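Paired with subunit B in one complex and with subunit C in the other, subunit A is shared by the two complexes that follow.
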Partner chain A sequence: MNSPVRLLWLSALTCNGNAHALLNYPDLEHWQHRFEWLYHPLLPSRFSLGELLAQQPECDILILEGTLDSNFSKAGKDLTEWIEIFAPAARAVVTVGSCATFGGIFLEGGEGRSGLHFRRGERRDAYDALWEKSISLPGCPVQPEILASTLEMLAQETPLDLDVYRRPLLFYGTTVHNGCTRNEYFEYKIDEHRFGEMEGCMFYEHGCQGTYTHGSCNRILWNNVNSKTRIGQPCMGCTEPDFPTTGLWETRKHMGIPARLPAGIPKRAYLSLAGVAKAFHIERFRRPILDPVERYDPMKEQE
Partner chain B sequence: MRKRVELIEKIEGEAEVSYTYEGDRTVDAQIRFLSGRGIESILTGRPPLDALAITPRVCGICGHAHLIATVRALEACYPELRISPKAEAVRELTLTLELLQNHFKWLYLTIWPLLFPRESVTMKAVEPSRIAAEAIALLAGQYPHNSYAIPGGIVGEITPLERLGVADRLERLWEIFRREIADVQMQAFLRCDRIEELQRKEGDFPRILREILDRGWERLGCSHDRFIAFGSNGLFVSGKSLATRITHSLDLRHLREEPVEGSLALHVLYRGKVYETGPLARAMLRKTPLIREAHRRWGDSLPTRIMARVCEIPHLLQYAMQLTRDLDMDAPAWIDPGPLPAQAQGTGIVEAARGSLIHTVEVREGKIAEYRIVTPTQWNLGSGPADRPGVAQKALIGLHRDDQAELIFKSFDVCSVCTTH
Partner chain C sequence: MREEEQPSKKEQRRQQIIAGALKLFARKGFYTTTIPDIARSLGMSAGNLYNYFRSKELLAQEILRSVSSYLGRRIRYVNESDLPTREKIRSIVGLYFETALREPEMIDFFLRIYLSNREVFREGCEGMVCVNEFVTEIMIFFDEGVARGDLRNQEFFSAFGLFMGYLGGMVFLGGEQMLPKPLPEYVDEVSENIYRALKTPEAS
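Moving on to the complex of A and B:
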């Protein structure tokens, strides 16, 4: 049997959300057999922080969580020094969550904060030497399935295709919109949405960023059961460099048209399609799904 | 005088405790939290509703409590606002599920390894906390970190499908409690006031209790014996209690935060005095028979504190089961409250896993002018001078052995990230 892949999880300015999210990975117990935690902020680990500094064991994969901060020290040592000690020998450096990747929510809480290679979308060069072996897994938090499978692929030395932010295309190649149960309301441009209901799409009025946010929230369901947009919360774009934007519950518009359109869709194409869709008054989408009075009769409409 | 500084790890971040000894006895224990994120300043200037997405990110293990505190603070900004009993019950449910998730994790990831370091029990924490997280996700979209509670109710509809999923998961959590923690009957347990009866049962908790008693540690970790809880709901009552003398009137104007030298955490006081918050405070205030009995026997000590947290689990489960059963499915999930007033102030109070959590928002010209968060761990982990010690600080003073200190410290369920936020 191969020796286990050694993981070292270092937390900077964080809420620990990614560390907790990983605990929800349904097969954590079996998945973990292939790995050894030199350090994890919650799980039993081989070393304490002090022992890590004293013994400086090599790790195979360095995992970084939290916003980097030039004033941040851990166990009395600056975070930069921790990275300098443990990153060179590592086969890969994985930034988990939007904080470690882009700076995230905590970026604005103080001076000198950033992600490992990015400050929002802007490239920084402090860790250029690690660029080639870095993988970005943004999200607030990252879905445990994404982290578990990325680590598994790195352990197996399976090649990972990445986008410009070094996010694996396997998980960040599609948008959050993909798989949302409210998709029909988007397709047919039903722009009314009211909270508290099963019906409607949050793109037009309530700030949903699902159509231009890269992630898998509606393909790999959260906690195996649901997603924010399915329950009716707008996607807040947490995997993207500009997270968190301002005015998260409202769609910004120019002349009545949402200011940001679905990823890769030219404005003209969007407007033409929207115009055609809106020209029809499709009765089914105007009625509550659970309308007890006028039940939808699928056979009748097919005639 | 000898001094020793210890880094305490795996408490949602780290904390530093510097002990001062006379001989082998600790005479002071200064608690320091060395990093903070500045959440309150990040919120300033933003549209108020953005707080619903930002504050859950204070904490990966109790972020949902922050969401509920935020939504209550925002709702308090309206002169009048109504939410349906369904929305209210669903919020209570997800919050209760988060407390359950916390308690299971704390017992098996934090306390157990200190008492029985050679036994790996990670999965006993992971299985129930994953199930609780699934139940939250059924109602709220995902866990951790959702923003499903908004002024006026909740973002989406709850159907019998979700309700069934939650009900079944609550049954599973109860089965796990009986299989792993203590093999008791629920109704009998909720009324039980006999520690011996619990001690004789099969399960990890009776074993923990026997271990602490065998070591003769039952009187360790006593603190001020003063308790406070600001939140109330179908399960908890608010008030303060000096040992067993209870008063129910509290006034938030008497709450004051003060800086701690060398630490980023603010100490919080009520009428100039420190109070313990959390499961032990809640049990003292609602007079949970078993915990009152433990308190009578051992005071506000290590086993009483551990017992209060573990024994809150069946109470939380019963409450959650009742909420699920009684859910008024016909009520609306959301009632449009209209736009948030452009000038307003509101406070939201929640009983989180570790105790009372208080958010206050001030809105001016439609933006957040000021946001203030007081977390439970600021009450329990705040540090003062040796002659005016905080709650955990006092519990650490007078010890003769270093191995007792970490257990006592962690029996408060420390959350470093919340303490400084």
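Moving on to the complex of A and C:
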């Protein structure tokens, strides 16, 4: 058997949401056999933080979680020094979650904060030397399957096609809208949604960002069960550089026109199609999905 | 020019029918204009005209699409320019009044046929379907005006009604010979009124 791939998980300013997310990977136990944790904040690991600093073992993949902060130290050493020690020998550096990738929610809380290569969407050059071997896995948190599968592919030395933010296209090449169970309501421009209900598209009134957020939430379901938009909560755009935006529960509009349109769709094209779709009243979409015609009741005595 | 880029003879004839019918509808109204009237004005038989349009309603709907497309293309030209919002309003008002003078039947058709005979357009022109090109350009104008911080954000139809209702009203007054001055002389004041009504308090 090949020697295990050595993983080192470094946490910066973080809620540990990504570290926890990995624990929800259904196949975690089997998946782990290929890897060895030099350090993970929650899983059994070969070294403590102090031992890592003392022995400085080489890792194959360095995983960064959390917003980088120039004043942040771990085990008495600046985070930047940790990266300088462990990144050069690693063959890949993976930023997990939106904070490590773009700065995320902690960005506004202090000076000198950023993601590894980006501050929101703006490229920074502090770690240019690592650019070629970096992979971005944003999300709040990252989907466990995306993290586990990417690490698996890195372990197998599978080439990964990336976008401009170094997100693997396999997982971030389509939008969250893709696979959403509300697509019919989007096509015919029907919102009429109430949070948590099955009916209606949340793009028009409720701030759903699924049509311009790149991710796999409706193709790889969370806990193999569901997604935000399927259950009736708008997508918050957590894989994008500008996450978190404000006013997440309402759609910002200019004279009734959504201020942000589905990814890559020209305004003229969108408005033309929307104008046509809105002209028709389609009764099926105005009724509850679970609107019974009759009920079969096994307890009822058959006549 | 390649052959397929030239409109076919049939298409050219179709366009002639649309133009001829537009004139008659605008002048005489929808119900008093008949298919034989239209055919006669074009020197063709009514039977042949039916080869192009199966009914007077379908012909009227096609005219509406054609008018909307004409105005939409002209407003699109304004939208794609670098003009400030205030100047764009002036351009749209100007082109609307100019159309009313040079192609009076187009605006007449809009006001006297489309808006006054809704039953003709109920099936086939649902909602904004047949005026989509025109309305889309007005939407884009508003959207960009708000995005630039020039126009006050509000519901689309409250702004649309103010803009287009005002222009329609002025053209109607002009058509009824009730305006003391020619229509183009109202462009500046009408544009300024629309801008002041729609602008944000901060915009100059």
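Throughout what follows, the second predicted complex is superposed on the first by the 290 of 303 C-alpha atoms of A that agree within 3 Å, B and C clash if a C-alpha of one lies under 4 Å from a C-alpha of the other, contacts with A are read in each partner's own complex, and residues count from 1 in each chain.
Convention: contacts are C-beta pairs under 8 Å (C-beta built on N, C-alpha and C of every residue); 3 or more make two chains touch, one makes a residue touch a chain.
The shown structure was predicted, so the numbers you read here are calculated from the model rather than taken from an experiment.
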item: Subunit B versus subunit C as contact partner of A:271, first or second or both or neither; value: second
item: Touching partner for A:14 - first (subunit B), second (subunit C), both, neither; value: first
item: If touched residues of subunit A are counted for subunit B and for subunit C, the larger one; value: B
item: Touching partner for A:223 - first (subunit B), second (subunit C), both, neither; value: first
item: Touching partner for A:74 - first (subunit B), second (subunit C), both, neither; value: first
item: Touched partner set for A:282, first subunit B, second subunit C, both or neither; value: neither
item: Which of subunit B and subunit C A:109 touches, first, second, both or neither; value: first
item: Contacts of A:263 with subunit B and subunit C, given as first, second, both or neither; value: neither
item: Common interface positions of subunit A, toward subunit B and toward subunit C; value: none
item: Of subunit B, residues touching subunit A in the complex; value: 7, 9-10, 12-14, 34-39, 41-42, 46-47, 49-50, 52-54, 57-61, 63, 87, 105, 109, 113, 120, 122-123, 125-126, 129-130, 133-134, 136-148, 150, 152-157, 159, 165, 332-336, 417
item: Subunit A to subunit B touching residues, read off their complex; value: 11, 13-21, 23-24, 26, 28-29, 41-44, 48-50, 67, 69, 72-76, 105-106, 108-110, 140-141, 194-198, 217, 222-233, 236, 244, 246-250
item: Touching residues (chain side subunit A, partner subunit C) in the complex; value: 253-257, 259, 267-268, 271-272, 275-276, 278-280
item: Subunit A-touching residues of subunit C, taken from the complex the two chains share; value: 76, 126-129, 132-133, 135-136, 139-140, 142-147, 151, 153-157, 159
